[in-house]
Amino acid sequence: MDSIGIGLIGTGFMGKCHALAYRSVKAVFGDVPAPRLEVLCDVPAAKAEKMAGEFGFARSTDDWRQLVDDPSVDLVCITTPNKSHKDMAAAALSAGKHVHLEKPMALTLGDAKALTALAETAGSRTIVGYNYLHNPAIQHARQLIADGAIGRIVHFRGMVDEDYQADPDLPWTWRATKADAGLGTLGDLGCHLISLAAWLAGPIESLVAETRTVHATRPLPDAGGERRLVENEDVASALITFEKGVHGIVSTSRSAWGRKNSIMLEIHGTDGMITFDQERLNELRLYQNRGPKAEQGFKTILSGPAHPPYDRFVPAAGHQLGFNDLKVIEAHAFLTAIANGHAAYPSFSDALHFEAVIHAIAESGETGQRVRI
Amino acid sequence: MDSIGIGLIGTGFMGKCHALAYRSVKAVFGDVPAPRLEVLCDVPAAKAEKMAGEFGFARSTDDWRQLVDDPSVDLVCITTPNKSHKDMAAAALSAGKHVHLEKPMALTLGDAKALTALAETAGSRTIVGYNYLHNPAIQHARQLIADGAIGRIVHFRGMVDEDYQADPDLPWTWRATKADAGLGTLGDLGCHLISLAAWLAGPIESLVAETRTVHATRPLPDAGGERRLVENEDVASALITFEKGVHGIVSTSRSAWGRKNSIMLEIHGTDGMITFDQERLNELRLYQNRGPKAEQGFKTILSGPAHPPYDRFVPAAGHQLGFNDLKVIEAHAFLTAIANGHAAYPSFSDALHFEAVIHAIAESGETGQRVRI
Amino acid sequence: MDSIGIGLIGTGFMGKCHALAYRSVKAVFGDVPAPRLEVLCDVPAAKAEKMAGEFGFARSTDDWRQLVDDPSVDLVCITTPNKSHKDMAAAALSAGKHVHLEKPMALTLGDAKALTALAETAGSRTIVGYNYLHNPAIQHARQLIADGAIGRIVHFRGMVDEDYQADPDLPWTWRATKADAGLGTLGDLGCHLISLAAWLAGPIESLVAETRTVHATRPLPDAGGERRLVENEDVASALITFEKGVHGIVSTSRSAWGRKNSIMLEIHGTDGMITFDQERLNELRLYQNRGPKAEQGFKTILSGPAHPPYDRFVPAAGHQLGFNDLKVIEAHAFLTAIANGHAAYPSFSDALHFEAVIHAIAESGETGQRVRI
Amino acid sequence: MDSIGIGLIGTGFMGKCHALAYRSVKAVFGDVPAPRLEVLCDVPAAKAEKMAGEFGFARSTDDWRQLVDDPSVDLVCITTPNKSHKDMAAAALSAGKHVHLEKPMALTLGDAKALTALAETAGSRTIVGYNYLHNPAIQHARQLIADGAIGRIVHFRGMVDEDYQADPDLPWTWRATKADAGLGTLGDLGCHLISLAAWLAGPIESLVAETRTVHATRPLPDAGGERRLVENEDVASALITFEKGVHGIVSTSRSAWGRKNSIMLEIHGTDGMITFDQERLNELRLYQNRGPKAEQGFKTILSGPAHPPYDRFVPAAGHQLGFNDLKVIEAHAFLTAIANGHAAYPSFSDALHFEAVIHAIAESGETGQRVRI
């Protein structure tokens, strides 16, 4: 397989991120089939055409079904708003295409399950855009844990926060509705945290949660002060139990002033601790109960060539990867899986667990009862 | 009132801390009755005598009841292991003495309530050693909140951790028993966190919790490998609801490698956020949604003369207070209350709330049910 | 001008960085002529061919003169070892090509001056790869200074360090020779610092310096322990005076264990201070003497859409740019200059000042005398 | 020797600090003669009397010569403005008293030398208040260096800054005169840095420096806008050579907005690096070239019982010492030296080197010439 035809649906935040990733991945890694940027889809058609010129796609369309059916397209990237994920992904799978889908897979757990079931019978590969999993610092954390660097895991903490819904005066949008957005902060941010928790500490078994809508209503734009209900949560927290029996806590807010892309992790072990903050994505902190007490302390490890595949981007430590680079690593993982015929991580099946957990948090937040995953 | 006679029970970690505080408080503040260091109690008598010489107490005894009844003693400091707090404090109150009691007040909530009831009928003043409340940075945080610097509080997070029980090979001690220690990490550390949560965000109404004993057994010393059960919790977390309706999370571990005196606080408001970490006790971090977006960020405020009573210790910012200085401020608060005839904060009544919450966490940890305070 | 033909010489660290930049720049920015990746040069030819496949260049060659003369090539990127910069750049200029040259321009100041003189008479555009200048955080720092956010600049400090020559046992290489490498840490790292100093605080007028070779000799590879002299400096520091009369200090080491890409800046003003560290390239720290003393502190500003052109990469703050992204911004600046017919920054003329300063530091380090630039 | 009579001259910032130190030192350490607080001196007499009551001194006076001659006084603490140090110290030495003198010893190097000569012939002990030397974290740094933890020292950097003279509108005071204050930032701050440099990296041999007065004039108070000249330096920097041949840089500013008590140190070794910042005085950062590259990083070591004499204050790490605690350690060092009949560190002789260096910086700042110490 020399090359793979790419079709990309969406040209917003994540659409651009995918375009950049597939433009760079061959130059960064060398060892994958070269992506051919075939078709770009957005609406209206003029926008799609303009962006195809900028992103370097050969053709454009305003009809995503046409993109999915295009014989030159082997791999469909779906980066449109959450509401459309399910139908697009299902169509792409049915057309035999590999699917690179942005998270979350669907608005409801039922839809995510149905989509996963479809993927399991399809002959093509899937991956969901849990890009933070691909950070070399996170991969190194996972390796350290596997190597016993902190002993047996005994406790986990994670918080993921942003402030894009912190301002009480922000106008009401579709993000506030269950019908169009599904979950609130859990769907946007919480699922990233759960993906990291499960990747580092294993699957989650059960949980009990609380959720809050911080700003109960928001003003309708140009409506003379009229306000509409916010239907989904701004804040959610849960006490979680991992399958290994470990206790943990997770919390997320989309109304946390000052937090721009904060994902704070603490993994407590019998022999040490690892901590991480996504706002400093090139730093991992490690404490080990080793050597003289007078010299123990948290070590700040800067990502470098010793943490692959950092070396594919820069051969010198401390120079730093950025947000968009993580998507390049994700694209590389997907292309490699396709080329080698194995499953990519996280496939739809893997991601289903993450999404089951966020829906369980939402459910427990409503009922107050413990929910098993 | 020119001077106040001090009797101190205990010469360990906190005993020394009290001795230093009452030696320094008049020189630091000037405006309080001078403490007279009258009687120091410890066992055996020789130790009490030696330490009285070092601490500068006039006399020593190995009988705490004698200290309590000594007519030269106006104020009794109790810094012995938790198990003894209740009887000593009750005796001191009954003898008409002011009582400066280390936390927690008692091993059980019932005992704490009984003691509080006794204090409420006594004519003397009480204070419990929740020393972190007296940090100028914390006082400033409270003032900022009162002034609306971060708007209305919408979320609270707190974690308090140390690693003194992190090592799986540490021998079994009385700390592991309900009879002698009562709660585990909740009694040692968790109550500090709750004191801060309530001081900053108001009283707590209800909670649901999980608790874990990380190291189920520990080796008996000199017992050929025999191990004994750890009866209380190493880790505890709770989803809490404040009386104001605000949701929050708290978590504590005494088995958190690398954490030496970590108390991490986040107070989320509608207009900003405040964070704090006790391991950098002279720094407060403040984010405000003010001014141009390009210039917003978390500000690190170093404690200084603008944050009273820091100025009583050092007239220049950034020079830093230490752990023992906080006890001096606490002693000042207590002496001032005694001199002026008003209640000190936190009195036994105030502290009862903190201790009710940690017992509620322990209870919910066992039952899995929500507990109202 | 719809597109610009790119010829790239070199496929190492910086060669790859250029390839990635010119692959991405149109997709990131949209508003520039599309780069056409025409010719890639390296030796041997097989390597050039292989890398052309990976980087996506149309053709390859092992003869850089052929690349320079290729009529499809409008813009020549030079990323080979320093020794070759001068001849390649001169040939490209003579062939009427735009030149994107990695720093430093030449091994000696004389060569750099000659090259600059050539560029000034050429009809084409030039830019030198002082990529850290293009960091949105640095651009914001410059804007803040221009806006008076810290008043008048009164002092400057800068340190740039790495540890690639810290290990005493590293074998001797061409980097240790004046003939092949020219300067030591000054040429590799120091010139970056000077570029930032001049960009933020204005041109430098004079200086006095000290230099040191930390590891006087290094073992020759496979030479049975024979050691050869290190001819250039591992550490250099200078007291500098800016044309504005401001005093500053700069220091650089390539033997600084633990420093991976550290560029620490302090700009002291009459009304505030700005600090920055390249190892956290998305963070700018700002102190302003404004508002109540109790609320003053250093603010950590995370790069975001309010700091253009960050927004072209990610529309949300705190998500972070990486090292390679800065080269994309540099490429954009160059393509824009070419398209619009104005000078790019820093052109050869601009960069000459930076390089004059590092040579002055080396000279003062030898003579001990103050050197005027 | 059971006890030592203390006479303290001065009740300001450092006077209070000394009073607190001598009140606490026996309770903290146990193993020293008990200080008896005999006489306190300040003007006017009423202030001395009031402060003697607060500080717990037995008697007070407004005549420092009377204090020096008081037979109950064995040890004289001198904490008055710099101008008075020399005469008071000389008188105390002549009276056979031990002298605890605040830094700097004198306004001029000549006076400091004369005083040192006097001390060398006296039978009593001396110590100068370079309190930051006594920080357990700094002691640990010195121990690490001695143990070879970072190999051979190859480079040193130090910066000491505050902002008490940063505001251009601050009125003119005696601090601005050579006659009353002597040096500017070098005397207030720079000498602390030099004490740390020499303690950690050994004596300094020669230097070349630049100095600047940032605010050339300041308004006279209540003088209708009239301004007077500032005669001494606000900023000073030097390139220094240690006797061991190591190159280093030092810089100091009293006009550095945002710096409250910043003393930043970097000690570069052939096998690692140590860094420190006095604004986080309980943290030491250590990088070692040991173990796998993937796990190397700067370790943040929190001061704790493993770093004596931290354990005398608090038995648990991370609880933090404060500024005033360092003076207690200094007082302990002095009392121990007196009791044991050995020299304290830094004695007048030791401190003379520090002060010779700051005067050399000032001299080089004026002449532009290298100065040998």
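For reference, chains read A, B, C and D in written order, and residue numbers begin at 1 within each chain.
Simple rule for what comes next: a contact is a pair of C-beta atoms (placed from the backbone, for glycine too) under 8 Å apart; a residue touches a chain by one contact, two chains touch by 3 or more.
Since we're looking at a predicted model, the values are computed, not measured.
Peer 1: Please report the smallest number of touch steps linking chain A to chain D.
Peer 2: 1
Peer 1: Farthest chain from chain C, going by mean C-alpha coordinates, please.
Peer 2: Of all the other chains, the one whose centre lies farthest from chain C is B.
Peer 1: Taking the mean of the CA coordinates per chain, how far is chain B from chain C in Å?
Peer 2: Those two chain centres are 53 Å apart.
Peer 1: Any idea how many Å lie between the Cα centroids of chain C and chain D?
Peer 2: 41
Peer 1: Measuring centre to centre with CA averages, how many angstrom lie between chain B and chain D?
Peer 2: 34
Peer 1: At what distance in angstrom does the C-alpha mean of chain C lie from that of chain A?
Peer 2: 34
Peer 1: On chain B, where are the residues touching two or more other chains?
Peer 2: Within chain B, residues 259, 296-298, 302, 304 contact more than one other chain.
Peer 1: Which residues, counting only chain B, touch chain D once they are in their complex?
Peer 2: 13, 16-17, 19-20, 23-24, 26-28, 30, 34, 53-56, 162, 164, 259-262, 279-281, 302, 304, 313-325
Peer 1: For the complex, give me every residue of chain D touching chain A.
Peer 2: Touch list, chain D to chain A: 140, 144, 149, 286, 292-302, 304-307.
Peer 1: Taking the touch rule as given, give the residues of chain B at its contact with chain A in the complex, in rising order.
Peer 2: Answer in residue numbers: 150-151, 154-155, 157, 159, 166-168, 208-212, 214-215, 234-235, 237-239, 241, 247-249, 251, 253, 255-259, 268-273, 287-289, 296-298, 368, 370.
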